[in-house]
């Protein structure tokens, strides 16, 4: 690393900026995607007016929300009330820093397709996810509104409950890899394409299943969106929020969806690797070689997002006791069983 | 040098954190200054679907939420123990000289975790729909 | 061996059923057996010899080295016999006085017997200390249980008065152990005698003071007497009989004189002064004290101060007299207490002023009262005389002025005793006495008192027989003191 | 897989753990209205097994296991036995005091067993990590036990105070351990000593030792860290206090002995004065505080502070004799203190009907057995010869004097003189009349578990008072296993 | 490379803040949090020293401290709930049923 620190820093800042902007853009268009898809599922069009196929809709929405009146209701506890959406959004955006979305390619000592290649990437993800709960919990509490409070309590209880299962489901992956570094995790899935993905070759389909469900709960998405069950709690924890603060919760939710998709891709679906492994011959120049993995990565995340929306359009909402019971009674023991099975399997395979 | 490298790995992450927080704060500030403010008393009241506001929201709520919090703390930390074990699991046979050493150790550990799990389950803490677990 | 007869009895008592008089009879049997056994000591005692006899020495605890070392010499022998003698007397005295919770009473009483015997025979200082402290407990509990009105308070007072100084005693003991490496009395004595120069004189002085204070409280020596009157007035007769005097005095003779002769010498003037003050103080208070038991308590202070006086004269005669006087006083004082107890049983009060003119109705009792009273005053041919005479004459030899002051005490004691008898038995009959017909001394009481009275006479007449035994031990002790003093003075002289 | 001999090293702990787990699992499986007493008897059996296995460990050669974290030697066995005995008596007392409507009894039994595991681990730990873990296992279970009567107002308050101050103390201990780790680079008690003599920066270690002292001082309720004691003792049920006031203390003292004498003999110049002051302060504050108490349990709490002070005196002696004396004192204090709380627990039941000293007026008449045993234990606490309390004090002060600590000894003995007053007050109250009205209706008949518990404690106190030789020999053997390089300053 | 002293000073400061808050604050939850702060300060110390000595035992210690902190948190919260049920306050000054 014989590059000057300043160039390194400059490039990194640039990288961060690009990634963040891209992420925000994808958040905006995920919203559009959802509206469109749900519209189709429900046999209607979704947004069509702004721009071609309604493609400018997200921008219009953003602009509108920016210009809306920013209310600061009388009974709120101001510092936390203001801080809550910031926490929520930041946490959604920070996780991206450890996700590798392409091969390791250095330009002037800067890793192009990953912001920070730390050896505890998985732990960072878990940690940041945990902090995200604060945004929800604080927003509800500081709002001084019964709906908000109930919503946030439900949401946080749900999030922390499913975080357990989520965390435990990752242990299987770590067992197979022996590292927390996300690149290592991807590398081990690279050899035989689809067959060596953790979800198949690593025999982690149970873990993937647990992760999938937990991820839905973590992001407070249908069928686990009880925290914002319109019929009983208005809008849940962000009832009292308006204007951009509301938008930030919104962005956080979709940001989290994307992040969960990324993590799932990295952990279970082989990351940026091609599903065909070595079956396809390498072709194209270095630029293509560099960008192709990113393509695979994006495709996989997109599939995941599609799944999200599909589920939302299809499934009804859980009852709260069912939700908690499912998490604690079913997923938690299941994930422990998965760990035991995986470790046993690994022990015998190693011999 | 190794450790220097190690620290530099985190610098981009720090930048990302700064960016994220800055973005969040920036958005909050910007919208505060951009939007108009025409406050009325009713507008600033808590929103309860238009019905006049009743009392304060900071009352008492079901103890189950506390229970979940406590259980989470415990089980989460128990899960934390599994992570380093998982990392080193594949090397354990080499280190300990016994193929199933790591497995048995974790089985004992998980056994105790499950004992706790079984206990709270039987005590009805996980039953949200009944009031049996109202401790 | 004798020591544990009462203890074994106590355990049996604890197991006996609470029916009828079984417990009383059994306890009487035990105490009589103990007495019989103690009599075996003078029978086989080799008179005129210093040093210990009937020794028994077994290791008890390996580390720190504590032995089960028992033995008696001339001083302690008679005290042991005395304890044995007082046992049945006390049982008889409490035959009727104690009607409730007899089991507890006799159980604790027997433990108390054990502790006292133990104190007199223990030659291992640790063992001694054990018995010393043990003697407090049954006493305190009994006072609390059977006290007249303020039993618990009196018990606590008694306990604290004696316990706190004995904590100091323990410090002293431990310190000695730390320096000499043994708890054995004989060994320590030799060690101290031979290696006196190894110790800082000041340190030894403090240790001896710790010992002395602990014992002085128990005697009690003048400013430390606060507990006695309360205990006397609250404790059941059988307990009050045994509480005062002999333990403390014996211990002073044995340990302070035995281990720290030079230091005792130094502090003697103070002790003599306190003793004389105690004699006068006790007598003066007794003069004006209407409550019989308190009256006796103050008279006891006076008598015991005589003993203290005798000890610190450091003459063979004085010490002989002291030991003898301890015997006398215990005997007479106990008899007096029993007599008071008898009155209380009959009339239900200890208030002297309510009695009067009883001699007509109760001639036998009056006789016993008079004999006991005369013995306490110290009339020649009764026992009290010998002891007082020996003490006084030795103190005149050493400290004439103090001796003279003490003599005034004798006169005073005669005065208050006589006036007490006068108030009780002579003069016009009081309303209480007139209105209540009571029996004279009954057989049981007589059984307890007549032997005591006879013994008073015997002690008074045949004093040389008793002193013979004491003499040998005392001789050694006095030489010890004299020797220590001379070495001390020579040391000082050399230093100069 | 662990080979067999390693497991032998923690056999009592394993037995107790399994017992605790079984009890805990059986508890929710039992019907809600069925009696929990069988669980109690099960725990008793487990504890007995642990006791026997501790004795059995004596014949193992001393040595370490599990990567040098636990060590079984005479010292650990001694304290294991002490703790197992305490637990046994406590379980019996709990069985006795519990009524059919006592809530959470099964959990209490399980907690007692599991807490005992922690305490036992503390005594055999030779690695600060394990010390810490044991400390926490025992602390956390005792926090919960302190709040056992959660429906009463005092229960949670006691638990809270105990908890807050206890965790505060834990943090200090932990910081101390961290600093020691920083100074030496190891947390192995045995290795620390070797490293410290050559270490260039003992200042960190010194601060560390001081911090550990603070933390463990809290646990043993030594002044000036004693504030929680009276409240906790008052708020917790007597049967639980029997355990809390003795077993964790025994364990903490064991740790303190091991840490100070094995790991830090080189620093004794620093810690000895601290302990000197702690001992003097504890004795004085404890006794003076106890003088003015009207509540029996508060009084005993202050008395326990004072006893912690006496015990610390033995530490200052810096000699094997001192260690043996401390061990012995722990045992004798445990015997008599558990005994007295067993009595209180029987008289007051799980809900502590009788709180004030006055409430016990006439106990000896109402129930001679209880009165007599109570008096016996109090007398032992005073330190009257031929009871365990006496020999405990005796050895402690003998060892202190042996090391030339005259003043501390005098302070101690004067204190024990003062102490006699408040103990006696209780004895006297129990023996005075008229019988208090609360006593007339309430004392249940002596049950089998109570008789067992009393027998155990009385026998222990008496044996220690009459024939302490064998016990002392064991304590000495334990003391000798804590080798003392260069710390013997006994001035002969 | 950050010198170890910085970590130590930081953790000492954190620890002191914890101690001060423990002594000064009146809300039970806050007191509780200050204890957690103290524990985390200790963790920082451990990690710093573990790094310095290249000893993994310091980090293992941190694990156990975390577990203990969690267990304590759970127990503490339970106790606080129980207390709140009987007393309806979270102010330590009002939790004073038992005093000398």
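Going by the order they are written in, the chains are A, B, C, D and E; count residues from 1 in each one.
Here is the rule we use: contacts are C-beta pairs under 8 Å (C-beta built on N, C-alpha and C of every residue); 3 or more make two chains touch, one makes a residue touch a chain.
Chains and their UniProt names: A = NADH-quinone oxidoreductase subunit H; B = NADH-quinone oxidoreductase subunit A; C = NADH-quinone oxidoreductase subunit M; D = NADH-quinone oxidoreductase subunit N; E = NADH-quinone oxidoreductase subunit K.
In this text the structure is predicted, and so the values were computed from the model without any measurement.
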Could you tell me which chains make contact with subunit C and subunit E both? D
Using the contact definition given at the top, which chains are in touch with both subunit D and subunit E? B
Suppose every chain is reduced to the average of its Cα atoms; which one is closest to the average of all protein Cα atoms? D
Of the other chains, whose C-alpha centre is the longest way from the centre of subunit A? C
Per the contact rule at the top, check every chain pair and give me the one with the most C-beta pairs in contact. A-B
Please tell me the distance, in whole Å, between the geometric centres of subunit B and subunit D computed from their C-alpha atoms. 38
Quick one: report the Å distance separating subunit A from subunit B, using the average Cα coordinate of each chain. 15
Rounded to a whole Å, what is the gap between the Cα centroids of subunit B and subunit C? 79
Using Cα averages as centroids, what's the distance between subunit A and subunit E in whole Å? 32
Which residue numbers or ranges of subunit B touch two or more of the other chains? 69, 71, 76, 100
Can you name every chain pair that touches? A-B, B-D, B-E, C-D, D-E
Residue numbers on subunit A that touch subunit B, as the complex places them: 1, 8-9, 12-13, 15-17, 19-20, 65-75, 82, 85-87, 89-91, 93-94, 96-98, 115-119, 123-124, 141, 143-150, 153, 157, 160-161, 163-164, 167-168, 171-172, 174-175, 178-180, 234, 239-240, 243-245, 247-248, 320-321, 324-325, 328-329, 332-333, 336, 339-340, 343-344, 346-347, 350-351
Interfacial residue positions of subunit D with respect to subunit B in the complex: 1, 21, 24-25, 27-29
Considering the complex alone, what residue numbers of subunit C touch subunit D? 60-64, 101, 103-104, 126, 129-134, 136-137, 140-141, 144-145, 151-153, 155-156, 159-160, 163-168, 170-171, 174-175, 177-178
In the complex with subunit C, residue positions of subunit D that touch it: 364-365, 368, 372, 375, 379, 382, 384-386, 390, 394-395, 397-398, 401-402, 404, 406, 409-410, 413-414, 416-418, 420-421, 424-425, 427-429, 431-432, 467-469, 472-473, 476
Quick one: which bits of subunit D touch subunit E in the complex? Just the residue numbers, please. 129, 132-133, 136, 140, 143-144, 147, 150-161, 163-164, 167-168, 170-171, 174-175, 177-179, 181-182, 185-187, 230-231, 234-235, 289, 292, 298
